[in-house]
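Structure in C-alpha cells, see below.
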C-alpha cells in the first residue's frame, strides 16, 4: 500500500525521503510526516523519541530544529509552543538526520498555516542556522519517489528537493533523466530552508515567517490571559 | 467471563477490538476502555504506559491522539486537562495502535459527555489529522465481537466500525455475512474519527466538538480562578 | 503477631484482604492500609511504588483510583491534594489489584473524615467508574479474616465485603457458613464503591462525597491564599 | 571511635539504634541522625536515598514520616518545607525501618527547636498515624547503648526508648538489669511518637507541635512574601 | 568534504579543534560549532549530551561554561536563557574538554551578536573563572587546520588560538613554522577567554560583555512582560 | 604540571587535599576546587555528580553541605541560589567526603566574596551542623602539600587545616616537623567550619555570614523583581 499523497496541498504534512531502518535493510521510501502545533510550554516533541523509536542522529536533528526555531522566533518573546512531529504509520524506528529539513518544513507549514504541495518530496538535513546539509542515498530516494508518482499518476509539477551539495553525486537512470528533461518531473537543489519552503508552498519565506510569528503571538496571548485577565473584563 | 457490555449507552466507555499480548498468542477480544477527564495540567495519561504495560506502538498511538487533541482544542486557549485512558481488567499488556481510534472516541465522549452505544465496537488507528488508518486482523476481530453479541443477545443495532482501507481484505464466515445481510449485525467502514463518532453516538461531530470545548473552557476557568479570584469576591 | 484491629472505628484506615507476595507462597492475610491527605499538588502517592515494592497491576490499580478521584472531584475545581497510600508493616511487596477497592475506601474515609468500622475487611478491584470488579482467592481471604476475628473475639458485626461477581464461586467451610447463618459473621456482595463505603461507615455515600468536597475545597483555598492574600489583610 | 554524644541537649540531633548493613554482619550501634529544616518546596529529603545508600524499607519509613507530617501540619496550610535527614558519618548504607521513630523525633526537634537529651537513644518504627510499631534486635540494641554510656560515663538519666510491643521479648544481661533496677539506666516502652518526644525533650507534645506550626507558618510566609510583598512595605 | 569556513565573519559559529572519537582512532579535525540563544528558562543545552553523544569530560566542560556564564551574568538578574550548543554534522560523539573554550566563545558571540572570524580556529579548555587550561594534541591540531586553510586558500589572517601552557610543547613541521615566520599563518597563546574573544572578534571583551548583558536583559523582559503587562498597555 | 596556586588570595577557590581515585591507586594530591554562585533556583550543583564522576560518599558530602547552607541561610527567606562546585581539571572521578569542608569553605567564600589564602590547603569532612569530622590519609596529605609548597617556594604562611580528631594520628617525617617547628609551615586543627574559614580568610566568621546573607538577599530580590516590578516603574 502506498500511504502518501502525491498531489494537492496539505498543511502541516510533507513527504520525506528518509532512510528507514527495517533490520538489515534500509531504503528511501517516502514517509508522511505530520506536525501539530498548539498553545503550551512543552516545545518541540519528537513522537518517535518519546517511544524510543528515534535513533541518536534523528533525535539530534530535531534538537537542531528546536535551536533554529528558538533563534528565529524567541528573541522578542518566549516560545509558548507545543509541536508534535510524527512519522505516520511508521512502526520500525527512524535513524539519521536526512529528514530534518522535511520536519522543519512541515513545522513551518503548521505554524504559518501555509499548505505544502504534496507532489514535492524532500531530503536533506538542516543546521541551527537553517542551512541545508548533504545526506546519503539521494539517487535512490529520487528514483523511489519518481516511481511512486508514476504509479499514482504524474501531474507535471512533481519532483524532489535535495541539498545543493548532493547535486554532483547524482547518477539517475535514463527514465528519470528523460522525465526531468521533458518537464514531467523536477529536481530542486537548495542551500537553505528558505528556498525549500518557497518551492514547497509557492509563498515567500518572509510571509511564512510573519504568519508563524502571528500564530506564536496568539499562543503566547492564550497563556498570558490565564494569569492576567484583560482590562476589558475588569473594567 | 465476558467483561463488556454490548447494549446501552455509556459515557467515556468503549469496546475496542485490540490485539492483546498474552505471550505467544494474540487475539482480538473486545476490551473495555474507559477514560476520565478532569481539570489539571497533566495532559493525556496512558495508564498502561505508566506501569510499563504499553508497547511502543500503543504508546505512539496515544501520543498521536494527544497531538490531534492539541491541534483541535488548543489553538485559542491552552489545554488544562487531565485525561486518563485505561484498558480495564487487562493485566497482560497492550501492543499495537489498532485501538487508537477507540481510545480517541472514548476521550471525545468523556470530554463532551455524549454517550457511546456499547453495541458497536471499533478497530482502527488514527493519525494526527483524525484520519483513520488500516490495521491488521480485522476479519478475526469482527467475528470475535459477533460471537460475543450472539452469546449476550442480538439487539439488531450491533456491529463493528473498521477502517475503510480494510474493507477490501474482509473474508468473513457465512454466518456473519448472513447476519449482516439480514440487518442483524453491521459493519461500518470509516475514513475519519468524525464519521466514527457520529455512528457511535448518533450525534453530529460538530456538536461533540462544541460540547468538548465547553468542558475544556470550564477546566481552564477552574485553574484561572485560583490565580485570579472572581470580581465578586473583590468588589 | 496480628497487626490489625477487628473492632472500633478508625478514620483513613482499613483492613484489606490482598494477595501478599512472600516469594513462592501467596496468602490472603488481612493488611492494614492507612492513608493521609493534605494540601498540595502531588496527587495520589503509592508509597509502595515509590520504593519499588509495588507490582505493575497494583500500581495500575492506584492509577485507576486516581482517575476515579479526578472524575468525581476535579470537574469544577482542580485537585490540590497530596494523598499517601501505605500498606503498614509490609516489607515484602504487593502485587495484584485486589486491594484497590480497599485503598479507595480508605482514601474516601481520609478525605471525608468519616471513620471505617475495623471489623469489616474488604477485597475487590475497582474501575475508573467506581464499579467493583471480581478478584481471585476470595474464599481463602474470607476464611482468613474469619479466623483473625475468631482469635481476637467476635463482635457480631464483623465480616467481609466482596465483589458481587465472586459470590457464585464461594466454597466456604462449614464453620464459616454456620457462623454466617447465625449472624455472627457477614458477607456483603457489592457492585460499586458507593455500596462498600455505606457498609463500612454506616453513612450515606452522598454525605461522604460532600464532606470530601469540603475538605478538597479547603485544601484549594490553602494554596490559593498563598498567591492571593485575603482582602482583610489588604483593606 | 565512638562518634555519638551520650549527655547534654542538642536540637535536631538524636541517637538512633538502627540496624547497620556492613556486608554479612549487622549490628545495633548507635548512630547520630541530624536534620536540617528550611524554607522551600522540596519536602523531606532522605540524604541516604539521594545517593543510593538507603534500602527499600528505610526509604519507605521516610515516606511514612512524610505522610505523618503532611497529615499533622498540612491541613490548613500547604507545607513549604525542606528537611534533610542524614545519618552522619555512615558510609555503608542503611536498611530497615527501625530508625523511623528516631528520624521523626529529630525532625520534630528541628521544626520546634526543642532540644533532645542525647543520653536517651531510641529504636522503633512509626506508622502514618504516629503509632510506634515493633522492630527486631531490641535486646542487642539496648545492651549496645548501655556499654557506650558505660564507657563514656553514666549520668543516671540515660536509657533507651523502645516500642511497647517489644517489651515482652527482652532478654537483657544481668548487668543491664541491675543497672536499670538501681536507676542508673532506663528503658521506656512507648506506644506513640507523642510519648517518645515527651521523654526525649521533657516538653509536652502539644507545645512541640505548636512551636513546629509556628516555624512552618514562618517558612510559608517567607515564600508568600516573594510573590506578594506586604502592604506595609508598599504603603 | 571540508565542512568548515576558513574566511569571513559569522555570528555564533566557530571552528573548534576538538578530539573526535571515531572508534579506535582520534584526530584533530576542525569542527563547526554553532550556538543559538533565545528567551527561556532551560539554560545551556548541550545537544550532543541530550542524545547520549557527549562523553563525561565534554559534558563537564559545558557545565563549567554554565558556571562561568552564571557568575558573569546572573549576579544582578536571574538568567532567563535558552542556549543550544551543537557540533554540526558530527555523528560520532565528542569526548574531552578541549573544545570548551571554543564553545564558550561561540556562546559569547551568540549572546553579543559580535561575529567571529572563521579563519581562526581555537583549542583549549576553560575553567569556571574563564582561565584557559592546557589540552592535548595541540601540534597535530595546528597542522590540521593549517592544511585545511592551505587547501581552501590562505588569507594571511588565519591561524589557531591555543592555551599558553601548551606553547612550550609545540613541535611544528618546517612548512608551518615558515608560514608563521612569513606572517601567512598565526598562533596565539592565551591565558583567558577574554584574550581569545578579542583575537577572534577584533572587539574589546568589555563591549562583548556589555552587548551580552543587553540581550540577556531583553530576554528577561520578554518573560517578565508575560506575568506583568507594561503600564503603557494598561494606562 | 602542578595546577594549584600556593600563594595569594582568590575568591571562590581553594586547595583541597582529597583522595583521588585513579584506578587501583589513590593519593592525596592538592586539587583546585572552584565555586560559582548566582541568582536562581537550582540550589547547589555538584558538577562531578552531573557527569557521573562523583562517588556516593562524595555526593553525600555535598548534600550535607546543602543541608548546612539551608539551615544557616533559609530560615527567614527561601534560598534562591545556583551554586556550582567543581574540581577543576579532574578527569578521573572523586570519591569520599574528605573534601567536603574544603567545598563548604569555597562556597562560603563565593557567597561572601571574601578571598581565601591559596597557601593553606584543607582536608576534612563536615556534618550538617558545621562540625568538622575526621578523615583518612592526613599524614600523606600534609606531606603532599608540603612538597608542592617547597617546589613552588615557601612563603612562611603556608600550611594545612585538618580535623582536630586527626591530630593524634599524625606521623610526619622529620623535614615537615622541622619546618613546622621553624614556623615555615603550619598545621591547624579545627573543630568547626567557623574556625577553618577564619584561618583561611583572616576575617571573622560572623562577617562572612553577614556578607553571604547580603548576597543571598540580592539574589532573592532579583527573582522577586521579575514577578513584581518596583514601585518606581508603577508610580
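By written order: A, B, C, D, E and F. Residues from 1 in each chain.
Here is the rule we go by: a residue touches a chain if its C-beta (ideal position, glycine included) is under 8 Å from a C-beta of that chain, and two chains touch if they have at least 3 such contacts.
Everything quoted here is computed from the prediction, not taken from an experiment.
Touch-path distance (fewest steps) from chain C to chain E is 3.
Touching chain C and chain F at once are the following chains: D. Minimum number of contact steps separating chain B from chain E: 2. When the CA atoms of chain A are superposed on chain E, the rotation angle comes to 60 degrees, reported as a multiple of 5.
Rounded to whole angstrom units, the spacing between the C-alpha centres of chain A and chain D is 59. Distance between chain centres (mean CA atoms), chain B to chain C: 30 Å. Computed centre separation for the pair chain A/chain F is 51 angstrom, with centres defined by C-alpha atoms. Chain D has residues 223, 227-228 in contact with two or more other chains.
Chain contact topology: the protein chains form a single closed ring, every chain touching exactly two others. If you walk the ring beginning with chain D and heading to chain F next, you pass the chains as D, F, E, A, B, C.
Taken in their complex, chain D has these residues touching chain F: 1, 3, 12-13, 34-40, 45, 47-48, 50-53, 82, 84, 86, 88-89, 91, 218, 222-223, 226-229, 234. Taken in their complex, chain C has these residues touching chain B: 56-57, 59-60, 63-64, 66-68, 70-71, 73-79, 97, 125, 127-129, 133-134, 165, 220, 223-224, 227-228, 231.
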